[in-house]
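First the structure, in the form of structure tokens, and then the observations on it.
Labels for the chains are A, B, C and D, by order of writing; each one numbers its residues from 1.
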Amino acid sequence: MALATLRGVSFTYAYTNEPALRDINLTLEEGLLYAIIGPNASGKSTLCALLRGIVPLFHEGELTGSAEIRGRNLFDWDPAELSREIGYVFENPFTQISGIKETVFEEIALGLENLGMPSDEVIDRVEQVVEQLELGALVAKNPNELSGGQRQKVAFASIIAMDADVIVIDEPTSQLDPESSDAVFAIIANLKKKGKSIVLVEHKMDLVAQYADRVIALNGGRLVIEGPTSEVFTSPLLNASDIARPAVTDLAEALAKVGRPLARTPVTRAEAADLIRARMKGGPRANRSR
Amino acid sequence: MSSESGNSVAFGNRFRTHVDRGNPIRNMDPIVVFIVLVAIAIAPIAFPGFVAAAIVCLVYPVIALFAGVAREFLPTYLRLFLVVGLVLFVLRAAFIEGKDPLFRLGNIAPTWAGMEEGARFALLVMAISGAVTLFFNVATVRYLMLALELRGVTPRATYVILASFQSIIDLGRHARTVLEAQQSRGIETQGNIIVRARAFFPILAPVFLAAINQTEERAISLDARAFNSNVSHTHLVTLRPARPREIVFAVVVVAAVLVAFIGSALGWL
Amino acid sequence: MPIVLDEVAFDYPDGTPAVESVSLHVKDGERVAIVGQNGAGKTTTVKLMNGLLKPRSGAVTVDGESTANRTTAMMAQTVGYVFQNPDDQIFTSSVQSELEYMPKYLRWEEVRRDERVARAVALCGLEQHLETNPNDLPIAIRKFIAIGAILVGECRYIILDEPTAGLDVPGLRLLNSLIDHLQTEGIAVVTITHDMRFVTESFDRVVAMAGGTVVADGPCEEVFADDDVLKRARIRRPEVAQLVRDLGIPTTALRLDDIVHKIP
Amino acid sequence: MVNESAVVKFFKGYGRLTIFMMPIGIAINFIGGQIALLLKLPVYLDSIGTILVGATCGMGPGAVVGAISNILNAITSPPTLAFGVLNIMFGLLAGYLARRGVFKSWSKTLLSAIPFALIGGVLGAIITIWVFGGLAVGGGAIVVGALVALGLDVNTANFVAQVPMDILDKVPTVMIVFAIIKGIPNRTHAKLPLGYIYLGKNKAGASTKPSGTSVS
């Protein structure tokens, strides 16, 4: 069963004229890490919100086409159930913390309390999640006094505690320094390994190239291309749409322009290093054979 | 890593038992504390003169001592006495007109009756103020809200109160950042009153607008945590249920105060 | 005349040192990037430059005058500081009024005001948004509104705190052309950033900080060539520069356009 | 077509942003007062949040913000409890005036300072007289004391002192409220109970577009 199937989906927010999404046809599979990329106002956040039903149920507007989430029409879902199956974490780490709990432990437990889970089970579950995300050092701290990166991790933990199968993350690293960004992506990769499906919006293309299974590129509310990460980043469609690419991909293109193309277009640094190294070593031989 | 998770297990275990705040009075049900303090605070109204009010004012420090909050309570209460009680007393003593003024200073002619009335009123206000101050020292708002939720108050209502405390901290913090940001773009915060007044809006507006812009995300984030689920919520933190002797004590106090009021109405006092 | 920090120290309110013996010059028209981990003292350093913070010891002078006796608002005519979060500075209900606020506050003549506003609008690409409520616009545009509101003033030094966060390709292009334009006007740009590609593409000089001190200060090529400095400041080379380093190609080039020619 | 009933009802019904607005309103009451103190302004400016929430979310939420702010104030200054009814009235009045479109025009907003000041000044004076016999505490008490010493009767002194002080406080308060409401983005207005007023829609129009309900 697909995670989501969108057929001809367009969406226009109330009080705006321009559609935020235009005629999107897309199928997302379970168990993968999808990255949504594109310039500002290209519809990335709207697409995320749609997967979780926030559009059009919370943010009003006009939705046309059909949107199926896990085999069921978006409108046939019980919103409470949908919000539990599809966890959502926002970019701003400050809005993720409830502001009514004294310790990180209680913060992570909040969702479970709200579901009416007996206290002993809540404690077991939270301990399990804390261990899984290696948050032991934070449990006794006040969640309102944490740094942005720490809050983001607590936000993940709170959603994971509720056993969401799918996690939608809108720009998880935009407020973080490189080390914290890496830490957050390590957590995300780990979640995927544990069988979760992840959909995220991300501007840091080097990280996307390294971690994403598939990439969805949007521009002006339209789908530019969807496919395996390296295929999307090497597609000529991206450049035409002003969408950033990994630095090494830009480098490969620049090399091609000066008449020294690499054998393949790389998307990660490791890949690029292999390709260039191969040329540095085996280059002369390859030339001879030609 | 293992030491860290061991940490969290130890931490989690504290929620498996009732909250123990290490003191029998502070461990009392906040609502019982509330009822008892309200009864004590209004009791002096039933009695003539200022003696009853004075006694009540002296009872609070004793309770505070036993509750182990004297260190927090006493300075606040003393300050209230000086700032509020004294002013109330002096103003009344000075301005209530009557015969046989003790001395005369222009229009001011304090009388013994005025002094008595001033003392009664000031001590009454202090009796009520002391109850409020003591209550917030003995019971935490957090546990009061929990006690209310257990008695059927909707979590949305307690959310508003608990989130208010955090919002005051968060918005206050943000206001300091905005103050610096606006100074950095040339808005002066020192100088004559017009200059200072002009700085007010540029500091307050971004704080409010940023907060309001975050409400949508907060709403969705809390919804994602099943905040709006219709099942009745459970509580990780559990309060010790009110003990029978505490309830009996509360009933006795309330009954005694009631009797005092009835007595006062019937002219016994 | 430059901004000069001479052996400056500053403590956080709790008494722990935020920066210690920091010495730094920023000359006219220079482009300086201050880099380092969160908590390295970057923000404290720039706040010392515009008088938001006054040093515990050492001296900060701007154009020869000490910041000690001047308020930040007075300094703002010389040193503009764009905060990381544009929403800390934006407070009116239209882009136009936001840009006009400072000239009106200072009672500039209309001609001078209109000229400066028009320049800021052009530099920040805000032509289509003048009548809009800034809060109805996306964060990337709000960032340029905040920059524009500072550019309206006649500062000779501009501090940009994390300007690239949340910007897309067209936004980055606009930011880079804006910084280039400021240099032609002789305006110095100081940035705090985690974005090393931005540093190497748009800045000449890097100040690397760690633990409240400056661990390196020099041309980008020099600083990024020093593994020890990078380790101490816990910063990384831009992706492609790291690539050539991994490959052992002997070059200090950092910009993609230069690196292309170094790859065999 | 869309199956609206169960799904949409759920989101419509859960109070939307109102319960998140109330803590902000309470905090703004405090922060406003603190900023006024920081800038050494001779006014309180401590009811901006109450009036803002009343003006955007309605009478009920406005009154709640006023009431809770008062209780929180009482933690450090218990005698202020007596004036709680003022804050509640500010919230109610703000909601009432907002429905009549007062906060849409700056001139009407400016005029609204009068009823707010009358509540604050007159009702404030009445409470001072009733509860504290005309001799409450705070900055006003000194003025009242001085007036009495000059030979004015206590009750008159209270009105003479409090009404002008409240005008001085409420004029900037309502103008700040007006300017802030103008700054609230449309997409947020759309989710606030009284947002339809500021989006220039009538209530009939709003009822087809869910605009949220208050929690009360």
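Following the convention adopted for this analysis, a residue touches a chain if its C-beta (ideal position, glycine included) is under 8 Å from a C-beta of that chain, and two chains touch if they have at least 3 such contacts.
Please read all numbers here as calculations on a predicted model, not as lab measurements.
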If a chain touches chain B and chain C alike, it appears here: A, D
Most distant chain from chain A by Cα centroid: B
Chain pair, A-B or A-C, that carries the greater number of C-beta contacts: A-B
Whole-Å gap between the CA centroids of chain A and chain B: 45
Chain A-chain C separation of Cα centroids, rounded to whole Å: 29
Inter-centroid spacing, chain D versus chain C (mean Cα positions, whole Å): 41
Contacts with 2+ other chains: residues of chain A: 58-59, 80, 99
Touching two or more other chains - residues of chain B: 159, 163, 166-167, 170, 189, 201, 205, 209, 213, 216, 218-219, 223, 228
Contacts with 2+ other chains: residues of chain C: 91-92, 135
Overall pattern in which the protein chains touch one another (line/ring/star/complete/other): complete
Chain D residues within the chain B interface of the complex: 10, 14-17, 19-24, 26-28, 30-32, 34-36, 38-42, 45, 48, 52, 64, 68, 72, 74-79, 81, 132-133, 135, 137, 141, 145, 148-151, 154, 172, 176, 179-180, 183-185, 187-188, 191, 215
Of chain B, residues touching chain A in the complex: 1, 3-9, 11-13, 15-16, 142, 155, 158-159, 162-163, 166-167, 169-170, 214, 216-238
In the complex, chain C residues that touch chain D: 91-93, 133, 135-136
Residues on chain B engaged by chain C in the complex (per definition of touch): 174, 177-178, 180-190, 198, 201-202, 205-206, 209-210, 213
List of chain A residues in touch with chain D within their complex: 13-15, 57-60, 63, 73, 75-80, 99
